[in-house]
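Next, two complexes with chain A in common: one pairs it with chain B, the other with chain C.
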Partner chain A sequence: MIAAGNPAVDNAARPLTGGRRFSLSWLGAAPFFAYVGLFLLLPTAIIVIGSFRTLDGSVTLSNFSGIAKPFMARAFTNSLGVSVVSAVGGAVLGAILAYAVVTGNPDGLLRRSIMSASGVLAQFGGVALAFAFIATIGTTGFVYVFLKSHGLDIYGNTVWFYDPPGITLIYLYFQIPLMVLVFLPALDGIRPQWREATESLGGSTWHYWRYVAGPLLAPAFLGCTLLLFANAFSAYATLSALLTNGSNYVPLQIQALLTGETQQSQPGLAQALAVTMVMIVVVVMSLYTMLQRRTSKWLR
Partner chain B sequence: MNRSQRLKLGIFRVVVLLLMGAFFLMPIGAMLEFSTRGNEVTSPRTLDAWVRIAQTPGLVKGIYTSLELAVITSLGMLALLLPTMVWVRLRLPRISRIVEFICLLPLTVPAIALVVGLKPLYIWVNINITPSVLALAFAYLVLVLPYSYRALDAGLAAIDLKTLSEAARSLGAGWGTVMLRIIIPNMPSAILNASLLSVALVLGEYTVANLLNFQNLQVEIAYVGLTDANTSTAVAVGALLLAFVLLMVLALVGGRLQQQHYVPGQRA
Partner chain C sequence: MSWRYQIRGLGVAVATLLLVAACGSTGGGGSASCSESTAKTATSATACGGMDALVTAAKAEGQLNVIALPPDWANYGAIITAFQSKYGITVNSANPNGSSQDEVNAFDGTSNAPDVVDVGQSVALANTAKFTPYQVATWSDIPAGAKESTGLWFNDYGGYMGIGYNPAKVPGGVINSIQDLLGSGFKSEVALAGDPTKSNQGLNGVIMAAVANGGSLDDVSAGVNFFHQLKQKGNYVPVVGTDATVKAGQTPVLFEWDYLSTSHGKSVPNWKIFVPSTAIIGGYYSQAINKAAPHPAAARLWEEYLFSNEGQNLWLKGGARPVRMAAMTTAGAVDSAAAAALPAVKGTPQVPSGDQTTKASQYVIANWSAAVS
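And then the complex of A and B:
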């Protein structure tokens, strides 16, 4: 007991590393910090610093005022709109699917295959997803042609496939599985005894969801919705494969600035867009982490 | 729950699973259908598009490139992350929060934003280190950090790292031996998990490669899609089905490996 707090004894037990502030222990973590410093922190610093600089290197806020231009504002409205709608839609549908899974056999084949499939599909963004939906409801797509030949033209006058509604629908394809993955643990934490307790006290199904399960699941549900939002907001590949360069979405504006000639005239604009994206995601993810912490209080 | 409630729940589950099943299987089916179309509306089903995968040099090269990148990234991730995480747990627990924060950081910096900062860095890398497409592995290692960190962290939490390493060290083992012969064999499923997540991410990566002007599999798929959508769709659905098989294997193998974890006080 006396020895435990005595520095001399601690040092005796660890003669090589010692208890001093600067020790060889730090060397073990050095390669990691060198690597992330170079390939993660440096690029982040580049975009943050670059967003406040002009062509000749002086400090400015003009890059951010570039965001206020109408077509840029439009890009943000589109990106935020698609992210919000696909997050809320994905969260609701994903929660319903997760509930259908949870009420089944916990060790059953159905649950295991749905979880594995969700793992794959939640990652299935990108180019392939664009092709999948072109083959499905594109103007020569299987489902579109089938429905049309049976008298149902889902497009009518406007082909909304390449517009925000179409993009939202495509995003649901990875948002719903992600919701299943992240929301299922919370649903698993709901005990059947709570429902029985509600019923023994005379409560109906509505009472159970309104006063017991609902309030318990609300923080988790909200948190997962935020995660889905960040997920959709960061997505780029599907947009890039589906739409032309410079279309009205933030990632495509960044793409246009990085690949086009405009980079020379205002190099800080791409950085300013990137910083704005990062700030939005940081705020959303911080809220997500807070809600997640609240959920984990009763989850175990 | 009484009988009518049970019945209602049963109907609810069947309806939800059928509708969701349709939504998720339809695009995959449509891709298979699309990739087997002939040139004319009336022409019979054909596997030409699938055959053309092997005849399109860009695609073949893209597949090789992405596979190489996947292997390099996975090995690099294990070499960089695992020793650091073990070391931090044993010797520097007070910085474990910082390491976790850094590893999860890529989740809050979208790839499309990070690539803006990587661009000038890669101009330097291309000139001074290597112009090869494999240089992408540097960036990919950063992108896989959050997923690998979580997988490895779960694995390390499940074993009694301190006891194992101290026992090995007191028997005269060096740190290399501790890593290779004690720690790694005790967490096979976590290592497999972290590696497969990295492989999956690298094989599907498009953002960084495209914007840094490198040709990996996804960039080639998008490029070929401009002229020959059938072949692109064939590759895309092939890659997706391959990912399914890989993850199913992981789920099966992972379940078996999980039981081999070293649990203190429990005998095999």
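And then the complex of A and C:
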């Protein structure tokens, strides 16, 4: 969707004075590469190397076999489950909301307020988010207490607030706005003329969605869902703030393995878990990039 | 570095030596007084010329550095105030919310280093090389298992692992047995005051649950299994209980040390503490003196004060059980009103040994995550 070959950028890349042998065009990007190298590549390298080492520094594969323990597998199923459900739920609900916004006035109050609210809420996480939910629908939260006093006990016999369903609900709070933000440009790319064309050729609304808008939006929708999945899968602060004692998610396992006192500390295993997470996210983000490329071919 | 600087540095060093020597000679005049050099190694008040000489030397130092003593923890606020007004010695209280490990980490050899520490058992055992032996005048009242024989560390106060609860949130308003917690009236109410894989307090909660459910100090699997059942019934709250969560009502039933639990009475009216008679798990903190204490005489005087009847009764008023309590009760010196205010405990207390704690910790680390998730 980004216009390629911006002339301003091309001009800036040209050497300013004639006769200079070496291009300095990389200089502008140097801070970016330094940043990426220091804060992304270097830590990743440290984690990957650490995952193959024991505490005394010899090379081992035992860290990865440590992941095979049942409760570690459970940590992955919990994390993956919450991520998948919150990504799909967030994608569906966010797409509907985004569609509602797109059909309205492009400069209207509704669109502007929903866009700014989404921009803020998509970044809402950690302690603040955990507290917001504890204070509203936690077991002593005012919404829960209010509903209960009016005969509606949302927890019934099991308090699922601290369990995967509760975590999924909390994650939806930032997943839906994120979906609105990332899916809206795709919806904007759908031109009203295409619908008019379908109708003038005798097509129904069903035909339009099935054969025109659906196939056009599907790659974008799937791509955004993958992005939401990665977003939920890597979230740590909210979990850490909400569940302080004994819950089984991969980021919390890493935390426990790193911060425990001497006998519990197993940095190698923690790094092996981190590497596994990185690999999952790499696969997901590669798929996302492929889908994004396909989307941008149609919608520009 | 140039020569000039080195010479200047040498000058400072020589001046310091002279100054120290001068101080030493003024303090160490007679045999009945307590000089700085004798105070540094004195293993009792007698070795420093008696109690009066120790008081004089401590007053001359004028300062005492303590660390990680929250004013609301076991009544330390009142103890510090009483000590300051009794001896006119300024108490510098650093990092009140630090942990036991933080206390020992602060031994940096400067004049700001803590003179004395109040640490958990494991930290005391791991750092004996940094302490100097000292025996308070009331040494014989401290049970043999509660002190290192030379006085490198000695237990000061402690308590029992209890289940603190808000009666308004509990069916029938009272807990009579640990099995009650598995009932349907405890949905999302039961929590621990620490992560048992990391915190000593949390671990002792699991040990208590083990002993109360047919396990022992050597086999805590029954405790982990008990929390597994709590989790399955939906009664376990995966949150570390603190005064804030108790106030908010998030953790209305909380496994914690009884002397810390009593403080929730300020935020929750009628807060009660249940200690199962079949599982009275004791835990004690220990005093130790920094080998390189900047104020050696004041450090020793502080210990004498803490282990006097006055100091012990102040701890008792804070809900903690001072280590000399049994001896003081026999002697009739105990503050009976404060003693009566402690949670009623019937039965024989058990105190996990260092080995038992390590073993329990290893079992919990290996099995906790699977049990409560």
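Just so it is clear, the second predicted complex is superposed on the first by the 253 of 300 C-alpha atoms of A that agree within 3 Å, B and C clash if a C-alpha of one lies under 4 Å from a C-alpha of the other, contacts with A are read in each partner's own complex, and residues count from 1 in each chain.
In this section, contacts are C-beta pairs under 8 Å (C-beta built on N, C-alpha and C of every residue); 3 or more make two chains touch, one makes a residue touch a chain.
Quick caveat, the model's predicted, so the values are computed rather than measured.
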Looking at the overlay, does A:Ser62 come into contact with chain B only (first), chain C only (second), both, or neither?
neither
Give one of first, second, both or neither to describe whether A:Ala256 is in contact with chain B, with chain C, with both, or with none.
second
Tell me the contact category for A:Ile134 with respect to chain B and chain C: first, second, both or neither.
both
One more residue to check, A:Phe71. First (chain B), second (chain C), both or neither?
second
Chain B versus chain C as contact partner of A:Thr54, first or second or both or neither
neither
Residue overlap on chain A between the chain B interface and the chain C interface 134, 259
Which part of chain B faces chain A closely enough to touch in the complex?
1, 5, 9, 12-13, 16-17, 20, 23-24, 26-31, 33-35, 80-81, 83-84, 87-88, 91-92, 95, 99, 102, 105-121, 138-139, 141-142, 145, 200-201, 204, 206-207, 210-211, 218, 221-222, 225, 229, 232-233, 236-237, 239-240, 243-244, 247-248, 250-251
Of all residues in chain A, which touch chain C in the complex?
70-71, 74-75, 78, 134, 138-140, 155, 157-159, 161-162, 242-248, 253, 256, 259-261, 263-264
What does chain A use to touch chain B in their complex?
17, 25-26, 28-29, 31-32, 35-36, 38-47, 50, 93, 96-97, 99-100, 103-104, 110, 112-113, 115-117, 119-121, 123-128, 131-136, 141-143, 172-173, 176-177, 195, 205, 230, 233-234, 236-237, 240-241, 251, 254-255, 258-259, 270-271, 273-275, 277-278, 281-282, 285
Within their complex, state which residues of chain C touch chain A.
184, 187-189, 191-192, 194-198, 202, 227, 234, 236-240, 248-250, 358, 361-362, 365, 368-373
